[in-house]
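Labels run A, B, C and D following the written order; every chain starts at residue 1.
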Amino acid sequence: MTQPTGKLTEEKVFKDPVHRYIHVRDKLIWDLIGTSEFQRLRRIRQLGTTYLTFHGAEHSRFNHSLGVYEIVRRIVDDVFRGRAEWNEEERMLVLCAALLHDLGHGPFSHSFEKVFHLDHEDFTRAIILGDTEVNKVLSKVGKDFPKNVAEVIAKTYPNKQVVSLISSQIDADRMDYLQRDAYYTGVSYGHFDMERILRVMRPREDQVVIKQSGMHAVEDYIMSRYQMYWQVYFHPVTRSAEVILTKILHRAKQLHQEYYTFKQEPTHFYSIFEDELSLKDYLKLDESVILFYFQAWQEESDPVLSDLCNRFMNRNLFKYVEFHPTNEQMMKLMELTSLFKKAGIDPDYYLVVDSSSDLPYDFYRPGEEEERLPIHLLKTNGDLRELSRESEIVDAISGKRRTDHKLYFPLDLLENMSSKKAVKKKILELLHIHK
Amino acid sequence: MTQPTGKLTEEKVFKDPVHRYIHVRDKLIWDLIGTSEFQRLRRIRQLGTTYLTFHGAEHSRFNHSLGVYEIVRRIVDDVFRGRAEWNEEERMLVLCAALLHDLGHGPFSHSFEKVFHLDHEDFTRAIILGDTEVNKVLSKVGKDFPKNVAEVIAKTYPNKQVVSLISSQIDADRMDYLQRDAYYTGVSYGHFDMERILRVMRPREDQVVIKQSGMHAVEDYIMSRYQMYWQVYFHPVTRSAEVILTKILHRAKQLHQEYYTFKQEPTHFYSIFEDELSLKDYLKLDESVILFYFQAWQEESDPVLSDLCNRFMNRNLFKYVEFHPTNEQMMKLMELTSLFKKAGIDPDYYLVVDSSSDLPYDFYRPGEEEERLPIHLLKTNGDLRELSRESEIVDAISGKRRTDHKLYFPLDLLENMSSKKAVKKKILELLHIHK
Amino acid sequence: MTQPTGKLTEEKVFKDPVHRYIHVRDKLIWDLIGTSEFQRLRRIRQLGTTYLTFHGAEHSRFNHSLGVYEIVRRIVDDVFRGRAEWNEEERMLVLCAALLHDLGHGPFSHSFEKVFHLDHEDFTRAIILGDTEVNKVLSKVGKDFPKNVAEVIAKTYPNKQVVSLISSQIDADRMDYLQRDAYYTGVSYGHFDMERILRVMRPREDQVVIKQSGMHAVEDYIMSRYQMYWQVYFHPVTRSAEVILTKILHRAKQLHQEYYTFKQEPTHFYSIFEDELSLKDYLKLDESVILFYFQAWQEESDPVLSDLCNRFMNRNLFKYVEFHPTNEQMMKLMELTSLFKKAGIDPDYYLVVDSSSDLPYDFYRPGEEEERLPIHLLKTNGDLRELSRESEIVDAISGKRRTDHKLYFPLDLLENMSSKKAVKKKILELLHIHK
Amino acid sequence: MTQPTGKLTEEKVFKDPVHRYIHVRDKLIWDLIGTSEFQRLRRIRQLGTTYLTFHGAEHSRFNHSLGVYEIVRRIVDDVFRGRAEWNEEERMLVLCAALLHDLGHGPFSHSFEKVFHLDHEDFTRAIILGDTEVNKVLSKVGKDFPKNVAEVIAKTYPNKQVVSLISSQIDADRMDYLQRDAYYTGVSYGHFDMERILRVMRPREDQVVIKQSGMHAVEDYIMSRYQMYWQVYFHPVTRSAEVILTKILHRAKQLHQEYYTFKQEPTHFYSIFEDELSLKDYLKLDESVILFYFQAWQEESDPVLSDLCNRFMNRNLFKYVEFHPTNEQMMKLMELTSLFKKAGIDPDYYLVVDSSSDLPYDFYRPGEEEERLPIHLLKTNGDLRELSRESEIVDAISGKRRTDHKLYFPLDLLENMSSKKAVKKKILELLHIHK
């Protein structure tokens, strides 16, 4: 019989547009991919609502998870193998952690986590340690193996070298998603010479470092990241869709709490609305389920829920203006809030300030409290230097936090108001929209 | 006020990974994209179940429809404009037809159409001519405009030159999907020099022809098509997923007809099960709805429905062996059918012959009855010649119909049978599976 | 001290646009690259006169030779290593043969070989076995090593498995040049999934075979080859430049034999004109030397030499018409020959029939006498089948020899004739050029 | 008869790997490409000695010149045409200037200009205005046309809008060479979204500006430039080859002045050695001529000339160490100079400090005296802002001049010294080379 950690009789390959091929030689990895918890990632998009801005961004977390696994596999099999500071026994552990690092993500993660105070990392841990197919497969390796995998992902595993392959400023996670998201959106950012970066990675006692000769490739990677954040991840249209999504969830929960009678009862949401979400219920939530409800709710009698679902499904999003939280602008916002009420448009749902720094993406900020490990360059004389001290470019963009506030509102609703002309006029003026 | 057929004040662009940018300058096109019927195409995958074989193939028909539009736009705006045989007044008509040609597709079209005897072309026509947002937008151009658009798509429009931009052996539809499907799956086929082909296209009285100098580029396109069909579209693993999908739909319908009590009632399917499908009901069917039910049905008490849904959702597909419908093999099949029954495995759901020629893709076969128009080369002396008479390569692959039969079955179920050892042994022998 | 066949202390890499990186780990390979005979390949273009048609095709044989080496390295290090039928001791031999297989090429090889009856394979052998830097490096491995390398290249080495990596219908040589020539010319042909082909290559007793599952990738490669031959390698403009080049060499030799006094004496050509070419003299001939003379000879008093050199240097090439060597056309050609003489234009230099089958590229023709080994597919049951028996596409294009004759002439010269109007008119008529 | 500035009866296209196709519709452009002065650019490499570092960099200035023309053509034909501030009458002028802007470059320009105090811009002007084929073609447009073309290239033409298409911080020249040099070397830098940049370019009174919305694409372009400079253009191995080239030219001139008897007399160099270089002589100098001499001079009896030529031809380059021109290091350099003399190795030729700031590439430095015009962003309110005031990234890298000094020397010569052990030991110590 084949050992759980044995090799497959024949290597399996997945055709992948980013890495060309994903290679699987270990039976354990193959079995993990076949679990229902991992297959579920096919029904969760990697970039949430971004497909409403960049129509190509329809790729799933399944896609990305295979990619992260493949990058780590190349590092440990092609670059680290045989090096003194690398412990070959950690290989299977880090491969599993790479494959499973996003396992706990739910549908439209960011909004869900914000509205319902969830944390996908808790679910990742729960899936790995709970009564699941994934746990059964991992347990075949050894009693402690699932726990170790969970610790690597949670960054609490003692060997930080292993952790940093998955979670550092230049880990396999980021290298995959930058390239993959660029590929599917079609933007020209997101390219960097990953092959070169892999070749200059070296295991050190407590981390993975980059040989000095690879500095320019790393600069290019940092720039790609910067561009992807501002051009793709923080795109204001995507944020508009997120704002609406968030408000739908809020509204549905509120209606549920007010004993509103839904035409399509939110059965799948009961436990989450009542803070009694079990792992089993969580695993049933995927994006097809969410879209099923949103489609049905377009026909609810509650006008807010119905309108918001309609907007989300048919991409009739909110417009936005720049907003700076100065005293003056805060006064204006209060005035707008009051005018919206007069106009009969609930500002709780239709007048929303969104800040990009709310978004769940960190950027390179050494010196600031940060979970991800900084990048160290290995100089030819053996010294280590933190990257931003060597690279002017990185220094330039690493020191500053850039926030971006926008005020979102339904321009079409305002423009179509036929009564209350004065209120309408005042609102449009305050929003600097002149007809 | 802007005319419905007027120009946008500023050109809109969509970032597209295949064509780099999709350019929209006409308000009519912009408005069509914004309709709920068109946005619905975001929830229908271009390649159905192919994502279970090629994980990158998660792109939607929304994606492809924009692409077809863009190719036609380039032809009429950059190549045909100003040429004697091209009538500029057809421009808007062909652009709309390009954008909307796939509008009537439903979820997992191929299987749905087969099981429920539907035709997406009927629905395309119904959406264009019925009480829909799309119809409202099109009608602004003129009373007959929707009908004309529908006729171009149905290939009944008198001016075949216009028709052939959308439906010929080398139309914008195919040029987009070959490249797009290759891009998202990541295969290395599907590339050809489209820019060159566009440059050598010429409008003729009743068709679009290709200048002789572009023959090699067309050969390359034909080869890409051939490779994509056999490498991607007819991939046996994809067909296995289709087989299961088809059987789920059959089973659900049968249970419904037998008054089985579903835990998750197939509300969205009632009218389709009872052959009373309305356009409104049809438009509510998308792939998130289907996946919602399939997920729920994993917990039905009917073991067949539950097992098949589980297989589909978690990619636990049927295995296959080659099958040739000779007398000898048909006898074997009958024997297998009988053995499956003895083993308590319903052969109606678990022993399936699938032929690739069933699949809804045609290939280049001049001389055979065919709806799509053949490709004519325009020689330097002004003569026209059918492509396969000029090109050895095309001649070689155009004359033959290639069919491919496979027999699908659940190997895991068979292997896990613990009783009836003799039956099991015999079945595995007949399937040439030796343990 | 490092062994001649030892490993470098640190791997060397060359950035390569086709294979991304060329990896050198063996000191022997590094030393061979550093020899003057190998560096000389930088001064010989891979595609001869093709840069006058495709301006990007300026790449050298140095480029290509590194590429062939890299492909073979990947096969033996990543695919064959550890397989039963592969003898690891042949590794260094086949790497050297791959790197050096084109070593004997001279400037504009095809024309030179034709005019002076040379064979670059003789020179390759001579460089490997003669008193050269390359021989010194190879000899460090062992006394017989240079001879073995030469035999692999000459296809006389007993182990045909090794030979076929370099010289078969699907060898590293062809896989590199198709991709490389496509890359530099910018044509969209020439792409195929080499990574897949490498993964399905298997060593067999006397050859290298391809697993059946890779057949479609091989078909794609065969098609690429077909397209590259007719679109790039046999391009009529390139052949026009070759015709002129050939005629320059003929003229210079003739003038030398007639004791003509050159302003720029053809010192480097003396030995070749007099059939006394030594290896040392041959190695001094590269394309910068040839271009040096051609530039200078534009100012020779001999009008033919000066005119032809001017044409070549300034890309003022001959025009062409199709020519079929039928009796009728041969009669026309004779008439044209006589008319050219009347017009005072020497037909020996200015009226040239060129056939593409003269060109030194073979195509896939099983059954015909051929030096390159055919491609065998390895079926799942272990049988071997010749490719064209399995693939309709390959069968279609492999059976036929396609020849293409063109008649080249200087249209500008004819058009500028101001006297002999009647002769001119007749010539242009016979060439079907109507003013 | 066709007008000199008329349209071709059929558009001509060149296949180009960077821009896919170069389109020529104007007879004037076609005629310019056919001149001997323009064809000569085929024999001058775009990146001088870089091919000795990146073997793919064998592309010529002919290549690049067509690319610059194509970019400008797209700007004026696709983006500017019809805009109020663009004067369509300047179209042909700017197309000619784009095509011809590098016409005066000689072989290995940088070294030649430095050693012989030449300026390629003077020669460009001379070719355009002198007795040349180019001048004849340009003059057909009008008497002043050649002068105007020369002025645009010289940046003295009154309409700075036209000038800045060719010579600004983001001109067609740079956009082409960054992409082209990246393509041929194969490095992963050099990519940016040119299509987007072209679409946001706007003609303004005295310049070309970029719409604010294109800022991130411009940042990406600036970063590409930064990376290409340090990764490719200033590569220390390329500089080593330049150092040797420079020293060969110095040596040959010195020998000539000392009445040394050459085996291969430097006929083509006489006028340049004696500061009597005519345009006619200059045009005969191309890289095949230079390489012809260098090859021959390997056999000169002068050991310095012969050794240096041998090094250049066979890529046996100088090694280098970092050098900082501090007092301490200058003292060391003086000591090394004296030790080299003791060792019998002429320090004038074999001990060379090279600084990258010597190289003829400028970088983005607003505020510093600069010929190229800065980049202005056009804000949505119509204001203009200099780029580095809007972009943190550009600000970060634009303020600093980075210089890089290296000390080059022939390590092999030093290591092979068999006598004077003490001198050798001391030299290697000072160079920090420990055996």
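In this text, a residue touches a chain if its C-beta (ideal position, glycine included) is under 8 Å from a C-beta of that chain, and two chains touch if they have at least 3 such contacts.
What you are looking at is a predicted structure, and each value in this text was computed from that prediction instead of being measured.
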item: C-D or A-D, whichever has more C-beta pairs in contact; value: C-D
item: Taking each chain's C-alpha mean as its centre, the one farthest from chain A; value: C
item: Chain B-chain D separation of Cα centroids, rounded to whole Å; value: 52
item: Centroid distance [mean C-alpha coordinates] between chain D and chain A, Å; value: 45
item: Whole-Å separation of chain centres (CA-atom averages), chain C against chain D; value: 31
item: Chain C residues counted as touching two or more neighbouring chains; value: 20, 187
item: Chain D - residues contacting chain B, complex; value: 20-21, 195
item: Residue ranges of chain C in contact with chain B within the complex; value: 187-189, 191-193, 196, 216-217, 219-220, 223, 226-227, 230-231, 392-393, 395-397, 400
item: Residue ranges of chain A touching chain B (in the complex, touch as defined); value: 14-18, 20, 34-36, 39, 42-43, 51, 54-56, 58-60, 62-63, 66, 183-187, 284, 286-292, 295, 313-316
